[in-house]
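In the part that follows, the structures are each spelled out as structure tokens.
Consider the two complexes below, in which chain A is the common component and chain B and chain C are the respective partners.
Up next is the complex of A and B:
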């Protein structure tokens, strides 16, 4: 065994134990903030696995999208909402936990079955390394163009929906019911949204 | 002894100043197997770049103190060494021996992990900073994209330390820092994308080489003036420098997410912000100011002087000038950042977000489209 392969093996073992342990931690830890941070660690380790597979562009994209965007968004949501009080006790929590544990174990068994019964080609296809970036770009703009554009439209819809939900509260206030000082404040804060109301 | 040095010297020059190959040749020459030579080589460039980064920070801290003093008509540090040049060392020593306090109600694990998570991505990003054709740790193919990806980890560390401090100012500061860093990352990435489009490569080496065809006239700053401004503004915002230092705005938030930190943990934040400033300036000089390139091509000067550009001496001189040019451009930008600190007022949080989302983002998109159009129209000047 050369130095390169043994290093690769050690890295793989460390990364996969972080992924498995972190994944279990995300689900089982009661403190939701810890879960969110552990999720970030899991995403990072997955990026590390991509690096081991010689897919550096995918690894960097994984860090950028999952750690830098999605995980930060989750943390934002938790920290803006989080009140430090214990959750209300839910009826039949133990039964619920048991059933969801059963579902998870079933899924795990299914995955193991797929893993064992599939005939994996070993060694797999040769990694193309550095030219992967160009190849991904070519695919995205030729044969995968439609799914790519559809995904962007989906994201746009989600974004517009979020903006509409966020702006609705200031719009729906009845202007007649409140005193004139606050009315002016609300008018000025709405000036970007509402149609121009000034007489001209 | 002199003959050995001579052999090493010739070997270094013959491989185009690729120190790795010559180092390995040298070790194999004295009878070590190539794998051991490779292992011995691996930590060397990392240690070198790490110490370069730290020395860069010391110099920047000193510059910041002296230039700030000059801007306010003070003298600044004076007694620690000549012109107070040892003052940053004294600062560092003070932080090193200070008591390391973890507030009682803080979350000690996350409190400790936060500053580390802020510092590590910044140091890792030095992986791709080139000081010469072969003078960088690793010419990875994804190059500049690696930096963008790594800098997106930082907000997690900021949120973590803001949350773990159990202090309202810290939490507000952490949230502000994360919001700011997310919103300015997008125009930053789009500005970089325009440069990448012109040089057809993400690698920093290729980006610099593409700018050094005709001396300073081919620098990207002339082809991407808007991109340069966008990148510089966003880099300042990512480093939390004035006018964008909202996360630690003293009048509003005490010191933001750093409020509860003391001793070495505070020093990690301090170090991180200055390493980030030097790194951003380095990347501006790499992306827009021709990196290690001399304003007039050195081959031209060598030809005028009647020397061959492949002459060993000339190559050594070229390499040294390259390092000096990179450092010079970088510190010029650091100087500009420090001057900006004392000449611009801080923006409000809503102005900051408006500037990022409603101004820089559309402008950088237009810049990208414009670059694409120019590239199709004038492939000679815009890297076809």
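Up next is the complex of A and C:
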């Protein structure tokens, strides 16, 4: 075992332990801010796995998009809705968690069995390594041109949709300012509290 | 550059992806906080991406279609996160909570 292979093995073990531990932390830690930062760590480790797989472009895209955009967006959302509220106790929650854990463990066992017992046709053709970035560019502008353009339209639609959905409704602010009773009704109500926006 | 096809088997990457996917499924089902649900979805998408990248590197090494698919999945994930968090903010303004158990407007 040369020093390169042993370094690779150590890197893989460290990255995979961070991924598994961080993923468990994301779903189990009570404080959601810690969860968000752990999620950033998981994303960075996944980018490291991509580097081990000789895919530098996708690793850079992972860091830029996931850590730089999605994780920051999640942190902003946490800051915007950060209200410490006592969660209503729900009966049967423990049982539900237990059963869903059993289902997930079964799924995991199934996936493990498929992973281990299937004869994957390795080794495939020789990996192209560092010219993967050029090859991705060729793919994007030849045989994957239509999905590429559709992705741009999708991003535009997502941007407009996010702006429309997250825009603060001026009428509801006026209602809350004018009528504090109504606000209490909104808070305590269990029924549909969407404010009627039809033109009158 | 070292050749990654000899030391770490393809199975190792697939096992990591499976574990991450199952963690994501469990979190998706059991989270009470709506932001955590979105984070679990991101975990699942990352598990799928690891699968695609591993297959692309080990089996499809000279054409790398898997890497192109991963780029598209990352794009869709960004759009999904933006719209999901916008929906979350809108819900929070209407219900003043992020508890998933209280979002039962469409439940019979």
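Quick notes on this structure:
Here is the rule we go by: the second predicted complex is superposed on the first by the 155 of 200 C-alpha atoms of A that agree within 3 Å, B and C clash if a C-alpha of one lies under 4 Å from a C-alpha of the other, contacts with A are read in each partner's own complex, and residues count from 1 in each chain.
Assume contacts are C-beta pairs under 8 Å (C-beta built on N, C-alpha and C of every residue); 3 or more make two chains touch, one makes a residue touch a chain.
Everything numeric in this text was worked out from a predicted model, so none of it was measured.
Annotation: superposed three-chain arrangement on chain A; chain B versus chain C shows no clash, the two fitting side by side. Of the two partner chains, chain B is the only one that A:79 touches; chain C does not reach it. Look at A:112: by the touch rule set out above, it reaches chain C but stays clear of chain B.
Once the two complexes are overlaid on the shared chain, A:40 sits against chain B while remaining clear of chain C. Of the two partner chains, chain B and chain C are each touched by A:130.
Taking chain A as the reference chain, the count of touched residues is higher for C when chain B and chain C are set side by side. In the superposed model, A:63 lies in contact with chain B only, and not with chain C.
Superposition on the common chain places the nearest Cα atoms of chain B and chain C 12 Å from each other.
Where the contact sets of chain A with chain B and with chain C meet, they give residues 57, 61, 69, 76, 80, 129-130. Put simply, chain A touches chain C in their complex at residues 4-5, 8-9, 12, 16, 19-20, 23-24, 26-27, 32, 35-36, 39, 42-43, 46, 49-50, 52-55, 57-58, 61-62, 65-66, 69-70, 73-74, 76-78, 80-81, 83, 85, 87-88, 90, 96-97, 100-101, 104-105, 107-108, 111-112, 115-116, 120-130, 132, 135-136, 139-140, 144, 147, 151, 154-155, 157-159, 161-166, 168-169, 172, 186-187, 192-195.
The residues of chain C lying in touch with chain A in their complex are 1-16, 18-27, 29-36, 38-40, 42-43, 46, 49-50, 53-54, 56-65, 67-68, 70-72, 74-83, 85-90, 92-99, 101-102, 105. Across the interface of their complex, chain A is touched by residues 35, 39, 110, 140-142, 145-146, 148-150, 152-153, 155-156, 159-160, 162-163, 171, 174-175, 178-179, 182, 185, 202 of chain B. Contact residues on chain A toward chain B in their complex (touch as defined above): 2-3, 33, 37, 40, 44, 56-57, 60-61, 63-64, 67-69, 71-72, 75-76, 79-80, 129-131, 133.
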